[in-house]
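Below are structures written as structure tokens.
Presented sequentially are two complexes of chain A, the first with chain B as partner and the second with chain C.
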Partner chain A sequence: MLRFIAKRLLLALPTLWAVLTLVFLLVRVVPGDPTIIVLGDQASPAAREQLRQRLGLDKPLLVQYGEFMVQIAQGDLGRSLVTNRPISADVAAVLPYTIELTLAALFIGSLIGVPLGVVAAQRRDGFVDWLARIVSLAGLSFPAFVSGILLLIAFAVELRWFPVISTVNTSDPLERLRALALPAINLGLIMVAYVTRVTRSGMLKALSEDYVRTARAKGLPSRLVVWRHALRNVLIPVVTVIGLYLGVLIGNAVLTEIVFNRPGLGKLIVSALNQRDYALLQGLMVVTALAIVFANILTDLTYGLVDPRVKTA
Partner chain B sequence: MSALAAVAVVESPSSEPAAIAVDGLTTSIRIAGNWYDAVRDVSFTVSRRETLALVGESGCGKSLTALSVMGLLPAGVGRISSGRIVVDGVDMTAATEAGRQAMRGDRIGMIFQEPMTSLNPVLPVGFQIAEALIEHRGMNRRAAQKRALELMELVRIPAAGQRLDAYPHQFSGGMRQRVMIAIALACSPKVLIADEPTTALDVTIQAQVLALLADLQAREGLAVLLITHNLGVVASVADRVMVMYGGDVVESGPVKAFFRRPTHPYSEALLAAMPRVDRPSEALAPIPGQVPTLPDMPSGCRYQSRCPLRIEKCAERPPLNPLPGAPEHRVRCWVRAP
Partner chain C sequence: MSAAAAVAAPPVAIAAPSAWKRATRSGGLAIGLVLVVAMALIALLAPWISPYDPDAQDVIMKLEPPSAEHWFGTDAFGRDVLSRVIWGSRVSLFVGTVATLAGVLIGTIIGIISGYYGGIVDKLITAATDVLLSFPQLIMGLILVAVLGPTLFNLILAITITAVPAFIRVARGSTLAMKERDFIDACRALGFGDLRIMFLHVMPNIMDEVVVMGSLWLAAAIRTESTLAFIGLGVPPPTATWGGIIREGFDNLLDAPWLSVFPSLAILAVMIALNLVGDGLRDATDPRTPQ
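Right, the complex of A and B next:
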């Protein structure tokens, strides 16, 4: 198992390198002089030259690339052009909120999606199946900001069960959970949709497999046949989908944070865009890319847990 | 078939009560919303230590017969329309699903054709063998694992101790089929149903698995219902044989009598279509035509559309009649056994 983990981590290095290179190039091939974009077209050439030096843009591209890579390796994302604060500190301050939100959504998605998909497949074309199909269709077709606003109107404005603005500056864990609830449900519904679909179709296939017939021939109660024999095999595609859509989830987390006015990477991205803070934007791209690469490694490691064939392969 | 005739067929040749007694079984399957009889009025018995081979080509109803006995017909697609199945004294057709479940894996074991797909790929083989013991014998995991190890040794899996926690993908096809046999025999059942147990295996492995089955049968006194399309397998391991065509039993009898005198035109054709070392291979005679699909099945004798001996009376369904002088050898044919 340790060798498997080491191998996966080693394999992630080239991916990381490629992603970082792409981010580096992306910021630099965008048309327009960044100093004009930051300072405006009325800025004096001297001021622009000064900014250019501060950003290191006067150096040759290869040198810039080398410095960029060394900085990242040291965990340094540079300084914001607007506030001049270290970007890594800004990110570190809000990252826990985004992680909290994403994990909560993942939790809701798996906890509702997997059982819903299993029961839907077991009673194909029955009431639960019908419900599952509606839920997953709704979850897939509502954009996160629309469903977020609808949730806010229903549960925060009308019913007043949850706060409208998800302030999180509280030490009371219950309050914090209450603030997390609606955004997590909003994001979780999308995950429920994906997970239900994959679980349902996976179960429909698994239930007609030979090994399920063997399990029945053994005289196992259908509870064990379904939840132990069939579902264990379906977990493989389910984990794939969860891992694959973790990227989508992070994107939707950004939208959700904006709708619910929650601190997090989302708000940081919006302010970076509004203030044309290129350095901050680059830093955020790096962080997001790292998060997705990390999520993929986690997915691969989870495979090792759910599928014995992966370890030896 | 009258009640009296049915009883006569169920009657086992030995005095011991039959381990499997199937009487007038009709199993229907649903095709495009209509139900068709895929197994028609099938009756047989298998005693302990006896092997009955069920022979026929794909779709003749032999696997459906086995699944009916197990109570494993796919819900909504297959159902038992009439008849009675008694296994080890328990009426499976009258039992509740819970009752049938208690029988499966405990008093009836079953092995399937595809050892590559019949084992769960994500569970260790030792646990897959132990499961039935935990379920039916109330054993704890440790005791069941210990028994699983004994079973793996019984089916002669080399280095069983180290392979208890191995997964199916680490086994060859023959070894997986041995694991399947260990699963089927875990609770020492009285009855073993083997559905094409060697079809997917190499010829040498096939012989090993058949020898193992014969050995275990003698040791445990099993009643074996062997489903196969391989007449060579029938000749080497079966005591009695039953040939099915289109859901009908067309011929049944002791193996020696059957091979000495295959009487139904279909049995004759089957044997003529089998390659043999003592005959030039050009002499292979394929059976002309195809098995009609269930919706197109003719009334009366189901083989009539391909039969060279067809007469007008074949439009009526012939009874399964004993041959003169051989009461155990029965044939369903107006021409050969009027």
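Right, the complex of A and C next:
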């Protein structure tokens, strides 16, 4: 297992390098002078020159690139242009909230999506199947901010079951859970859609396989055949999809945080945009890239747990 | 009836699927198409069907709830929300359509070249595609518009860039499969040039999959446009965009929830319609779909 993990981590390095290079280039190869974008066109040449030096933009591109990579390898994301605080500290302060939200959404997605997909495949074209298709169509269609606002209007403004503004820094675990509920449901709905879809189509295929027929012929109860034999073989594509859509989930988590006014990467991105804090924006892109590469590795490692054949391969 | 038709009739009577099954299986595509055409008509006819000037302000009629004069109510500047939603459809559909078409065109051409020639070119393109696809589309679009600046052109450019790698992947995969087919060998034997084979023989045969992806990506493109507008990176005000109206409504969520509800419903209608069309087309063109 350790060798498998080590190999997987090594394989991730080129991807990581490429993504970081992309981030570096995106911020630099833009038309226009970044110092004008940050300071405005009324800024004096001296002030612009000073900012240029602070950002390291006066050095050759290749030197900037080298410094960028070395900094990241040391875990240094630079300093915010606006607050001059270390970006890694700002990110570390809000990251737990984003992770909490994403994990809650993953939990909701798997808990509802897998059973819904299995039952939908079992009773194809029945009521549950029809319901599953509506749910997944809705989940795939709703932009996260639209579903978030509709949930907010329905359950916080009209019904008043949940707070409109999430208070997350409370010591009361129940209050914290109440604040998490609506955002997690909003993000979870998207995950339910993806998971239901893959589980359903995987189960449809699995249920027509020979081994399922054999298990049935042996006289195994249908419940065991479906939930133990067939589902086990469907879990790999399901885990793949969950891993693949972690990226989508992170993007949507950002929107969900904005709508529900939760602290997290989303609010940090918006404030970086509003204040034209390019250093912060670059740092946030690096963090997002790291999160996605990490999610891909986790997905591969989960394969080994779900399907023992993968480890030896 | 001719004899051929009689012979072609199924020899064994197969139980016809119930009305329920037929409606849920094939109805989606039809419903989706009708909705898409209706939306396109609304966008095209906006100057004639919108009841008010979308930018006309009326300070006395601020944040009015829906009424007989203003079906969707008015916003914080007293502008008619129905007219703004109708005009907003133009921006969303225009940006989405142009960006998707550009993405399809560029992505398909690169994908065919990559799949057809193979070798080092293919390896490089595939590696670049994988890296670009590892970034969530939304974050990518957000960063691009943020650095380029929110204008109509930059929005289209950013969304096109996010769409290209997806179409490269689809076109490349289909081209790889198509390359092995006998008729392509025949083309080579006839001495056709690579360009002629790629764009006259491979391309028409992989368009099924590209079109299916296209309809789903159109939804994604419109979603990205409205999301960016909601974050504040859309076409600048006072131009009405769905995401922009929702953003204004979001600031008045407690006093005037209708402001964000109506454009939200418009986005949902387009999303559901395009997803229905995409799924319907996929089922219709994919031979593996169980009938």
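The criterion applied here is as follows: the second predicted complex is superposed on the first by the 313 of 313 C-alpha atoms of A that agree within 3 Å, B and C clash if a C-alpha of one lies under 4 Å from a C-alpha of the other, contacts with A are read in each partner's own complex, and residues count from 1 in each chain.
In the analysis below, contacts are C-beta pairs under 8 Å (C-beta built on N, C-alpha and C of every residue); 3 or more make two chains touch, one makes a residue touch a chain.
Everything numeric here is computed off the predicted structure, so don't read it as measured data.
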Quick check for you: in the superposed arrangement, does A:A289 touch first (chain B), second (chain C), both or neither? second
Practice item. Give one of first, second, both or neither to describe whether A:L140 is in contact with chain B, with chain C, with both, or with none. Key: second
On the A-aligned overlay, A:I242 touches which partner chain: chain B = first, chain C = second, or both, or neither? neither
In this superposition, the partner of chain A with more touched residues, chain B or chain C, is C
- Task: Would you check which partner chain A:L180 touches, where first means chain B only, second means chain C only, and both and neither mean what they say?
- Result: neither
Worksheet item: Between chain B (first) and chain C (second), which, if any, makes contact with A:L77: first, second, both or neither?
Response: neither
Problem - First, second, both or neither for A:L268, with chain B first and chain C second - result: neither
Query: For A:D210, is the partner it touches chain B (first), chain C (second), both, or none of the two (neither)?
result: first
- Task: With the two complexes superposed on chain A, say which partner A:D125 touches: chain B (first), chain C (second), both, or neither.
- Result: second
Dual-contact residues of chain A (chain B, chain C) none
In their shared complex, chain A is touched by residues of chain B numbered 70, 72, 101-106, 109-110, 112, 114, 117-124, 131-132, 135-136, 167, 169-170, 180, 183-184, 186
In the complex, chain A touches chain C at residues 15, 18-19, 22, 26-27, 30-32, 125, 130, 133, 137-138, 140-146, 149-150, 152-153, 157-158, 164, 204, 247-248, 250-252, 254-255, 258-259, 269-270, 273-274, 278, 281, 285, 288-289, 292-293, 296
Per the touch rule above, chain C residues touching chain A in the complex are 20-21, 24-25, 127, 130-132, 134-139, 142-144, 146-149, 219, 223, 226-227, 230-233, 243, 246, 249-250, 253-254, 257, 260-261, 264, 267-268, 271-272, 275-276, 279, 290
In the complex, chain A touches chain B at residues 209-211, 213-221, 224, 228-229, 232-233, 236, 306-309, 312
